[in-house]
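Take a look at the structures below.
In what follows, subunit A forms one complex with subunit B and a second complex with subunit C.
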Partner chain A sequence: MNRELYGKLIFELSKPGRRGFHIADNHLPQTNALPSELLRQEPLDLPEVDEPTVVRHYTNMSTNNFGVDTGFYPLGSCTMKYNPKINEEMAAHPAFTHLHPDTPASAVQGALKMYHDLQLALSEIGGMAEFTLNPYAGAHGELTGLMVIRAYHDSRNDSARVKVIVPDSAHGTNPASAAVAGLEIVEVKSRPDGTVDVDDLRPLLDETVAAVMMTNPNTLGIFEKNIPEIARLVHEAGALLYYDGANLNPMLGVARPGDMGFDVMHINLHKTFSTPHGGGGPGAGPVGVRAGLEQFLPSPKVVKNADGTYSLVCDDSSLGHVSAHLGNFGVEMRALAYILSLGKENLSKVGPLATLGANYIKESLKDLYLLPIEGVCKHEFVFDGLIDKSTGVTTLDIAKRLLDYGYHAPTIYFPLLFHESLMIEPTETESVDTLDDFIAVMRKIAEEAASDPEMVKTAPHNTPISRPDDTEAALHPVVKYE
Partner chain B sequence: MSHRYLPHTQADIDRMLERCGVSRLEELYSDVPEQLLFKGEYDVPSEMSERQVREFFDTLGAQNSRLVCFAGNGYYDHDTPAAVSYIVSRSEFLTAYTPYQPEISQGTLHYIFEYQTMMCRLTGMDVSNASMYDGTTATAEAMMMAVAHARKRNRVLVSSTMRKAVLDVVATYARYHGVTVDLIPEKDGVTDREALAAMLDDKNVAGVIVAQRNRYGIIEDYTGYADLCKAAKALFIMNCIASDLAVLKTPAEWGADVAVGDAQSLGIPLSFGGPYLGFMCCRNALIRKLPGRIVGQTVDNDGRRVFVLTLQAREQHIRREKATSNICSNQGLMALFVTVYLSLTGAEGLREINRQGQNGAHYLAEKLQATGKVKLTYPDKPFLNEFCITTETAASEIITRAMERGILAGVALDDHRMTVAVTELQTKEDMDCLTEIVNAL
Partner chain C sequence: MKIYYSPSHEYIKVDGNIGYIGISDYAQHALGNVVYVDMPEVGDDIEAGEDFGAIESVKAASDLIAPVSGAVVEINEHLIDNPRLVNENAMENWIIKIEMTDPSQLEELLDEEAYKELCEKEKH
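Now for the complex of A and B:
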């Protein structure tokens, strides 16, 4: 990463008369079919720039960015694993990139098989009967999953079920998705280790509850070992159990959500299945369901016919459409390339190696950083800041100081159960050498917090910019160039 | 033996296990009840080398047909400049997370700020968010925004001339979000203004959503709509195709409160439906109701102009169930895609691309009509590069015949109507070939 700020905007490079793209003339007669009252009055103002300038501008801009290819990215709950390059090559395959989504099925059999193959693989890995790949992102998958649940209850004329129970340690998207799906949120308090207290949950389960949303392991990286009991209680109450797949990675090869008793789940392909985060998307949020709920999945579906061909179908019981077509198809191609690259021999190693890395870091730092929950974690864990609170150095300061050393910061101030949450997730694609270097730096920062707290509190010092003024940004929003 | 993505040697694993105070990987899962453990292997294929993965996708790809594309319906076959594909594949952009750490994310934050500026200029609106999944979900978000803005009113009117994909997604969101969606009737291929006026009389409408271009490719005249909506205290929302706005009267010029739509037409490959890009822009007064991420300008401690995610109090990670939306990601990399695309084309390039599509569509429409086998469904209505024809032979039959000649003729709307779109990529020869196929019916 370039530690000098590039800082320019494309608008500042514009010179009248320049351009960066030409198309060939198609030698057809000119038409002026639109009456002037339908035309733009104010002329469009876009930058006028030549191609070399555009390429240099964005190349320089990119060097102020930190990605997984730049360095270690221990961002908890985000599963920043390596993004294999063959995936990119496959997603750019011209036999797929040229396909219009409204092409009749007979001309896109390869694309439909791709979708179906991935659907089958995810069903196997999730322990589910069927998946839809149509949702565009994790949060979109949650919303779709909750719609499946509502469609199920509606089909049984069980329409008084308007509540969703979420643990207070849940990802913010869980309650937000429930609200968008028209459901009320009931929070169940978690125990000190973030796991759901069965005794607190039991009295909340009645005929008004549509679903309980959980992630397992939870956002503290702790496995909910009472999950069979929870599933039994939820089902006895007539509700369904939803699995937030954000934390699926440590379960690969170890346990399947379907076998744990979950009825509906989503998977973030951009986490567990190695597709790039792209600076905030595009991701993909496939949704799986157990047997008996398949008919409620969104339309359209890809089905395999008896003669081996594939078709698109819309089920009458379906909740409807949640996306225009079959989701972020290019992202789905990357995920299938990843599954094929690892194969059954290696997919099952992903979970244990991710868990090993997290425990290794935790054990190597817990003498300096406050570990609120002892015992094994899964793919991630949370420190509650430094043990020595006397220095006044906060989690934010530690995060910023890490940037100076060439690491991305962990997730901070989440979950909300602790004041100084510092959530670390290394993933299985990081070598022990990388983890050792990171551990050494974390120990050094703890030392610095004691010896020179002011320096840590004013970090970062070695990044393209220093701390920005967030308050000013929100108080007087400037959201475009003028 | 270790795998190419998994750097752990057995010696590494042993050393790490020792630090963790256990002797076997399984012990890290001692808290997982025995009956939940997955025994055996997943029923998926065995590991493949890169070459085998390539062969796998080549085999699948060979089962797709390469067709000359006259299909539109919201998604158009445009040329992608090589420089765009190159820039978006740079791993600094590709492999970054959401820019939560602005000190090491100025790359992402800079281009989103540029993107927001360009979308504001295209739509004429004051504010743009950092992008949405696609135009269908962006329209559904606009519907929910209208209802949240109106507080007690939960009825939204949507024009029947809206594309089916948008209507379908809006209907799903409405059903579960508790919004009543009523369709404004169409008359002669455009939204029936008198019918809308009557529907607004009930004073219980939170928003009105119309399409520009509409599902037939027609450019509608929305004169007076903003006043009707304003009088009824309903938000006026326009669903647009981003590239059209280089030439069309902008949503702001029509008096819209919110502009949403698809931006795939700005050079994003068709890729069988995604990833694409949705956009969402609004008037200043609505900025705190806008869903999704927004990048804002500020200064750092050293006084430099820098960019951050801002107004986050609207968002799910802060507001949880009270957020304006559940949306978490934007469509970051695709926002970069169109930003680079628009930087290269500039306004003049984009107008030229529009002009060629328009010239092609009008040429093709005339040729097709001359066959006497099809006619323009709405011959008096203006269109850009897409038009609707009424066919004597079943539309599906025409599409099948054309596919035999390597052409995707269009998208069937129903048994005897289909839309046909032209961009800079289809040649006169392609159009003459399609005409010949129709003529031979």
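Now for the complex of A and C:
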């Protein structure tokens, strides 16, 4: 493909007078219906291009993309597993895609059954009493969950609870969601392996704490073994325990947040349940609650009646609507297709396989990359850059060099517990051949860092663009063609 | 001017009752390119151990923690348009200038040598 020519901006390809097609002259009389101050004085600045140029431009652009369909995508914390095509086929069924969201419930019983079935499946998987599928994304789920928690405390006239405790190893969305929910954030320090220090947590728990948010396994891929003790302390203090479902994948069908004492949780369908991911969405962040909190879930709810029909219900005690209609319905159907195609017995194989893959990579690279937390990890782990720091090659350079080899970079500089975090999550869907090739490339980059550090520091060399000035882009973003 | 450091990597340069607070060179290096500095307003009170603003880089956003208590008498307005000055020279480009209310709090902070030791420890 001629990137030089068709890789330009569509405006740069514009030539005056070029047309893809011609519109017949308008012989109808002109009206003066619009006041003149509302009429455009100058013609709209649209690109003037012929049809083949338009098609080549956009087809060219589409090949500049990278996705899980083009290569391995070990982006830690994001669970970039392969998205089976049967999910797409099911979600694209005209019985779903042709529905209008305002169709009366009596005419969309099948769609409501699907929603209800997924809600039941997630409740079983999470060990929760009930789920809402309405939130649009993970962080939206967090916000909804915290709103449930506020509604719970308010219902008990316990309105002095204004704080949310968040470990310093948490995803940034946790404090952000708490702030949006109007709550104050208190950070609890973690131990070197990112797990919560119970002795640091204990004195923070008092009658002003609304909730403690936890991710388990945590962002270093370490399972929080003290979770029963933490749950007991949180509940003794009258607060609720929130489960961030970002790392649910390794526990799928093996262990349930509800059984560990969590009261409220969200799930990222686009991570754990293989719905498309990236590019800003759409995602889905269903929220589950334990028994006793169901009445606060958002409206509408899909309820199964005694006669087997389904209804949409808006409870008085509900916190209200958090989304239009029933969330991202197409995403929900993909997740349901995933759950049904794996079935209960295969869902419980996901976690062990994801864990095996992560440990395989970790053990194969730890002689060259600095492993701050030794031992068995769950689905992901973090290196603190190369062991040999003398070359000056940083985690950023390694990530950039990986692009040259056709791999998406891992998550870098998160979590903040280490200076050179490189967070790798292979997921269960990769073959050992892919893992072996990735390991070989990572070893090669470590070698290159020693033999030719300058080349690694200026990578990538094989991509359409090399290193954009990310500081300048953040400071002065140019978002339109001028 | 004598310089003190906090374990959270802020420095305070002291001139009588006046203190200039910024982040250390080690901190600017760890943060990477700074893209935004969120500063308090002149006249605001800051309290030792509490955050008085935030600094955002291409890697992360971090709270700025006050090493001592005081009242803000000036903010470094150059950082509004050019936050990269923090990377260019963190020690010269202070973030806020304060009038200290309790200079005895300085005794709780680290001197140059103790701070250097802390950074060495954090590197490993």
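FYI, the second predicted complex is superposed on the first by the 422 of 482 C-alpha atoms of A that agree within 3 Å, B and C clash if a C-alpha of one lies under 4 Å from a C-alpha of the other, contacts with A are read in each partner's own complex, and residues count from 1 in each chain.
Heads up, the rule we're going with is that a residue touches a chain if its C-beta (ideal position, glycine included) is under 8 Å from a C-beta of that chain, and two chains touch if they have at least 3 such contacts.
The structure presented is a predicted model; accordingly, all values stated were derived computationally and were not measured.
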Looking at the overlay, what does A:Ala160 touch: subunit B (first), subunit C (second), both, or neither?
-> neither
Considering only touches as defined above, state whether A:Ala291 meets subunit B (first), subunit C (second), both or neither.
-> neither
First (subunit B), second (subunit C), both or neither: which does A:His419 touch?
-> second
Report for A:Val313: first if it touches subunit B alone, second if subunit C alone, otherwise both or neither.
-> neither
Check whether A:Ser364 is in contact with subunit B, with subunit C, with both or with neither, and answer first, second, both or neither.
-> first
Using the superposition on chain A described above, determine whether A:Asp470 touches subunit B (first), subunit C (second), both, or neither.
-> both
For A:Ala440, select first, second, both or neither according to whether it touches subunit B, subunit C, the two together, or no partner.
-> neither
Those residues of subunit A which subunit B touches in one complex and subunit C touches in the other | 172, 414, 470, 474
Which part of subunit A faces subunit C closely enough to touch in the complex?
-> 172, 413-414, 416, 419, 470-471, 474-475
Subunit A partner, complex, touching residues on subunit C are 30, 32-36, 58-61, 83-84, 122-123
